[in-house]
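Take a look at the structures listed below.
The same subunit A turns up in both complexes below, where it pairs with subunit B and then with subunit C.
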Partner chain A sequence: MKKSWLRDYIIKRLFYSVIIAWGILTITFVLVRAGPTSPADKYLANIAASGQDVSQVIASVEARYGVDKPILEQYADYMVNLFHGNWGWSFSTSMPVTELIKSHWIYSFQLILLSSLFAAILGILIGIYSAVKQYTKTDYIATFLSFIGISIPNFWLGVMLILVFSVKLGLFKTYYDTTLPLFSLANLHALILPIITLGTGMLAGYVRYTRSAMLDNLRKGFVTTARAKGLPERTVIGKHVFRNALLPLVTIIMFDLGSIVFGGAYLTEIVFGIPGLGQISFNAIFANDYPVVIAVTLIGTLLVLLVNLVTDITYTYLDPRIRYD
Partner chain B sequence: MTKRLQDIARRIGRPFYGNRRLIKYYWERTRRNKLAVFGLAFIAFLILLALIGPLLTLDPTSVNFEEKNLPPAGFATEKSVYNIETDDFTTTEVFGIWKHPLGTDSKGRDMLAMIVSGARISLLVGLIATGIAIILGTIIGVLSAYLGGWADNVLMRFTDIMMTFPFFLLLVLIVFIFGPSLAFIVLVIGLTGWTGTARLIRSEALSLRTREFVIAAKALGASDSRVIFRHLIPNVISLIIVIATLSIPGVILAEAALSFIGLGDPIMASWGIILEAGQHSLDTSWWIAVEPGIMLFLTVLAFNFLGDGLRDAFDPKSNV
Partner chain C sequence: MKKFETFVALPLILAILATGCANSEVEQAEGIFIEGQSGADAETLNWILAADATSSSYVGHTMDRLVTYDNELNIVLHCLARDIETSADGLVYTITIRDDLKWSNGSPVTAEDYVYTLKNLMFSDWLNYNYKGDWQEEVDGDTIFVTPEAINDTTFTITRQTVYPEFVYTIYDLMPYPKHIATKYEGDIEAFTQAPEFNNLTYTGNLGPYRFEEWTRNDKYVVERNPEYYLGKDIGAPYFDKYIVKLFGTSATRQAALEAGDITYTGIEPEQARKFRNLEHVKVYTIPSGACTLLAYNQRANGWDGLKKKPVRQALSMAISKETICQSILLGFAEPAFSFIPASSPWYDGENVVKYGVGSLYDKQKAAELLYQEGYGAIKGDETIKATNEDGSPLKLTLATSTGSQVSEDMAFQIKHELSDLGIEVEIKLIPWATLLRQYVMNTVPDANQQPAFNNGPEAASEKPWDLILMGFTSDLLAPSGSDVFYTTEGGLNFFGYSSAEVDKLFSRARSKEALDKGMRQQIYAELSHAISEEQPVDFLIFSRVNSGFQKNVMGIEPGISMGYNYYLWHFE
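Up next is the complex of A and B:
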């Protein structure tokens, strides 16, 4: 009964999410279909060389993929197909979009999961330590390093790691082998540099947020009370301060999960040749493979919306005082 | 009485840039933060470099294959040369020369000159695109807060859509479809990057809207535009400065990342373009990828230091 407002809230949010997703889908659709490129482009060089009639071939290719119809009709077709679970056909890889995504999403997921774990665990620990030892040398060093961490361009960091550890020292191979199992030793080894590349920025961010959230709470009255009761410092920090600092941290970490999917992870996958969604959408954009581009954009959007909703709901459990209207 | 009220409203609504004492106060607070001062100094150096640097360096476009792939002065690198008589590779050591203090690229162009002219481009991209984004964000944020009602609703839902859009994918998509010209890239980054600013400005303006001096101004018959330009915007200007400082590095990085994946303007050698060329020759000439990256990193670091310092200085609650 107490949480009945939450159900209404979730329904309202889901409704908004659908509208936002539809808006983004439409914008992407218009962008890719209204652009001056055509799926027939990749055949043009060959056609010209073989002496065939160019316009005829373009027409037949466009008819095959249904891009010769008026854009409104294409849009209607696309939406109808989407509701039937048909995401279209990938021009460049000649397979259904759903198949393509099914066979590649796991690599992105693995990279993002491992990087987030690495960043969150290490970042929170360093942040707590830094806050507890405020204004000591360790704190200054941690703060300074976290500035460096958030400022270092992650694609450049990736290139530098390859330069030092692969090219000069020969310690890591930098390619991911899809024929081996996901969590095989060789692939985990190949993922170490990408995880550092993607994780460093997040790690530095978490150090800063943990530190400031901890400091906010360390000054509060209940901490003095807890200390006055004679509780050991471990309990004061771990139970009283950290639990209260957790709320803003959860937001940041969840928000990052949503936003890194197409920022950092995208570039990291390209630098290290990891065959995840970032890599396939990148290839798809350069190959004019519209259905894949739209599908990946839609998946990214839905993911962000879902993560945002889950974050807001998690709040209400972490802090029962929070109510949304 | 009316005169007095008007006077008070004018004084409180006075923008801080018109108030010398306030500027001095903020400057004193910023100056106490050593990292912020370092950031400011580096940015000043960078602007100077971009303005007069190209006059002092060699021509960044002059190609010289005799001097290609030279390492920075003081460094040495090994070069394999195929010898047709012995049908074998002979390895010779190549030393950097002071004519090219930062070395040369694969076409023998001077790296120092390229880095300096790249500074001009990257900095321009950062400033102009941020300017567009900040102006748009401020207008949308203030309008949304001030108009309220359905206009607020429409503007904020649109902001939601733009915010949820996978930003980098959108950027790559638009630039790929419409071609990578630098002016266009700047425009696209500016037109897509305003959402965060709009949100922040809106929430700030919402709380300002109910404050006494705004109500007083309205009660005295001030027009909407007067309230917005005299009372709302001057009071969010410190927030705008902080947001702008902290978003410039993101914009510079976005352009660099675009160039890095091959969607940069090939005519304008920004740092990202140089870096892109360098990543393909890591095993033979490492400096081509290292140098522009260091500049990018230091620039981002400097803006982050300064932005952080300014935020602390403007925030009366924080005690540096």
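Up next is the complex of A and C:
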């Protein structure tokens, strides 16, 4: 029975996702193209900076960038190409957009995945420990450190980590080395500082949320009942309290995942020289490289929609009482 | 609870273990030269389409131009067999290339490749080369291209119809495309733009010290040693197995990488120079550059009226201390500028320039008096002069500059501070470079249906009004007459609307047959420098000096203005 309504729900959500993605793609296209600057501007500015009169070449450069046609015609061309799997040519990097994304997504993916795991695992464990040991020295220290963790800008933290652990102690390279094999200890080693940089803020947040959610549940009657029944403390905490505290945590973790996909990872990529999608999209925005801007916006949108769907589905497993009409 | 603690500590233990395991793999950098750069990555390796300097520098590792210049700016032959011969009338240039230059398929690089590149690519309508203006001349009111012609396999000529003594420097920079590949894409700009041979530099043969290996966008550009390099094969050069350009998102991390020994070379910011000089493993070289920062005065209709008058421009320049900018903002790594020709150019004449903004010509009292004499000042109760508009109202000026440079922002605020002493209120606008160009620099005649350009004639004005624009330009040290585009009445980049019959005439003489005689050209440049420094169409503020930091074990470097000219001979100790 559950399977049937859940399947219908997923199909409906996927359908809505396609509509939303198309809407965002269209809005992005219009915003990028209708702005005060032209995608050819940076290119023309470079020509001008070298002392050349650009008036002779403006028309041909705009034709090469495909911005000489009416915007509706450009949009129609873009959509037709998109349906044929052609995301366009990136003028700021001189390669097809699909190839650009294919060769760079993995750097963002590994950073986001490992940082999220680092933050979620450590944050939840410290949060649980802190709640269970409420008002002890450990709890005070964890609470104090989590406030600091939330407050530190990750850009600053990254630079400080480099100065201490790379420059002073020589334990890490100052930048991420893309020649390292992905599934190797050397790669994991190279990612330690970026993971700490990106994960610290999230980790601190998870400590606070977990502690708070655990304390809420620890005070509830069913905990007293479980203890009165003589259940071992580990079972009470792990099976009864933590499971109930998990629902709001899943929401927060998934929300964080969505937000770092859209920007949080960018600063970490910049500091450690990781050529991920964050850096690619940021540079594309500054270069007015609209095929890349639209593609990464679309990918980000799809990821957020997917994460939201997965979150909703996860709820139904964590709390079987939840049902979507 | 012990298990909780163990579990929390596990990732940290793993991380420390990973640290220990990985160190041995990271330390294998012998023979690899790593240059650290921050800023935008290159746009393309298909160099004829490139508009950015990074693209050209990437390609430069794999292909030489006809010549390069040493630190005294003498030419050093590269692809040329001997120096270019110029006919007595200054119209025909005979270029003879080496006979041992080869493409990757083993076929020789011929004069025909160069001629084809010029005629069929650079001069073509379908490609519309960005810098085609360098190869054009005005003849009887028409703009025409020069005429290239192959004489034999290694010799070709370029014929002009008008004399331009410094045209030879344009030829020196020439690079060829392989005709046998380029013909496949001729006429189809999309196919040419996406041609894999040109985007992966698979054709460069023995033309450069390195061969293309890999380009990871926004990360690194890697070239490997070219054992066939025509200048190095007999001596085993170049001496690095690989040359890597590594991009950094910030200058702080780029400099940290040099300090940690992770990279071999990078530029050092002025505020970090002292620290790096004190590091044992780093050597810092400070060299002059042709990078000039100037303050343009808007003499067009939408600028403040006073700026059209020479004494007013002189007064403003007299109120801005160049030494303060050099010392306080650039910490001594700059020198005051007085004309468009830098002191490091062989054409510079320090005795003839008028030095506004230093010594006795940095004088706010005199500046105020000049403004008062021109009708732009009022005497206050304490007998001091305050700058005003002609009607006595408070004078407010708009200063626009581009975002992204702390030095430019600091300079803008310094100028605001200096001019406030005259009673002028300066509003600073920080604008992205491309927007600054489109809205403030490019201009059109009001109500005329014309394409915006940098100089659409004396009646044209920019979309947004401005009075002062702070921006940087690079002067050509060897061919300063190319700066006519900025300072002549019809110059294509004269966006500030300056016009002087005397300056127009002097630039015209510098580009004429008369200037074929170097002594005469020197004299013309001296007169030109004097005229422009006296007229102050812009306030030339500073020429920057550049700090380059190298690991101390890099040998063979000859510090100077053209430090990289022999970089294929650099090696590790």
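As a convention for this text, the second predicted complex is superposed on the first by the 297 of 325 C-alpha atoms of A that agree within 3 Å, B and C clash if a C-alpha of one lies under 4 Å from a C-alpha of the other, contacts with A are read in each partner's own complex, and residues count from 1 in each chain.
The definition used in the following text is that a contact is a pair of C-beta atoms (placed from the backbone, for glycine too) under 8 Å apart; a residue touches a chain by one contact, two chains touch by 3 or more.
Small disclaimer: the values here were computed from a predicted structure and weren't measured.
Q: For A:I270, is the partner it touches subunit B (first), subunit C (second), both, or none of the two (neither)?
A: A:I270 contacts both subunit B and subunit C.
Q: Is A:A190 touching the first partner subunit B, the second partner subunit C, both, or neither of them?
A: Touch partner of A:A190: subunit C, not subunit B.
Q: I'd like to know which partner A:I126 touches here: subunit B for first, subunit C for second, both or neither.
A: Touch partner of A:I126: subunit C, not subunit B.
Q: Which of the two partners, first being subunit B and second being subunit C, lies in contact with A:G23: first, second, both, or neither?
A: Touch partner of A:G23: subunit B, not subunit C.
Q: For A:L163, select first, second, both or neither according to whether it touches subunit B, subunit C, the two together, or no partner.
A: A:L163 contacts both subunit B and subunit C.
Q: Which partner does A:I106 reach: the first (subunit B), the second (subunit C), both, or neither?
A: Neither partner.
Q: Going by the contact rule stated at the top, is it subunit B or subunit C that touches a larger number of residues on subunit A?
A: Between subunit B and subunit C, the winner on subunit A residue contacts is C.
Q: Would you please give the residues of subunit A that touch subunit B in one complex and also touch subunit C in the other complex?
A: Residues common to the subunit A contacts of subunit C and of subunit B are 36-37, 159, 162-163, 167, 270-271, 286, listed in rising order.
Q: For a test of understanding, state which residues of subunit A touch subunit B in their complex under the given definition.
A: Within the complex, subunit A touches subunit B at residues 16, 19-21, 23-24, 27-28, 31-32, 35-37, 144, 147-148, 150-153, 155-156, 159-160, 162-163, 167, 259, 261-263, 266-267, 270-271, 281-282, 285-286, 293, 296-297, 300-301, 304-305.
Q: Considering the complex alone, what residue numbers of subunit A touch subunit C?
A: 36-38, 41-58, 60-61, 64, 89, 91-95, 100, 103-104, 118, 121-122, 125-126, 128-129, 132-133, 159, 162-163, 166-167, 170-175, 177-178, 180, 185-186, 188-190, 192, 269-273, 275, 279-280, 283, 286-288
Q: Using the touch rule from the top, collect the residues of subunit B that touch subunit A in their complex.
A: For subunit B paired with subunit A, touching residues are 35, 157, 160-161, 164-170, 172-174, 176-178, 249, 253, 256-257, 260-261, 275, 278-279, 282-283, 286, 289-290, 293, 296-297, 300-301, 304-305, 308.
Q: List the residues on subunit C that touch subunit A in their complex, please.
A: Result: residues 1, 4-5, 7-8, 11, 14-15, 17-19, 21-23, 25-26, 40-41, 43-46, 51-53, 128, 130-134, 189, 193-194, 199, 216-220, 246-250, 252-253, 256-257, 259-260, 262, 432-435, 437-439, 441, 451-455, 473-474, 476, 482-483, 485-486, 492-493 of subunit C touch subunit A.
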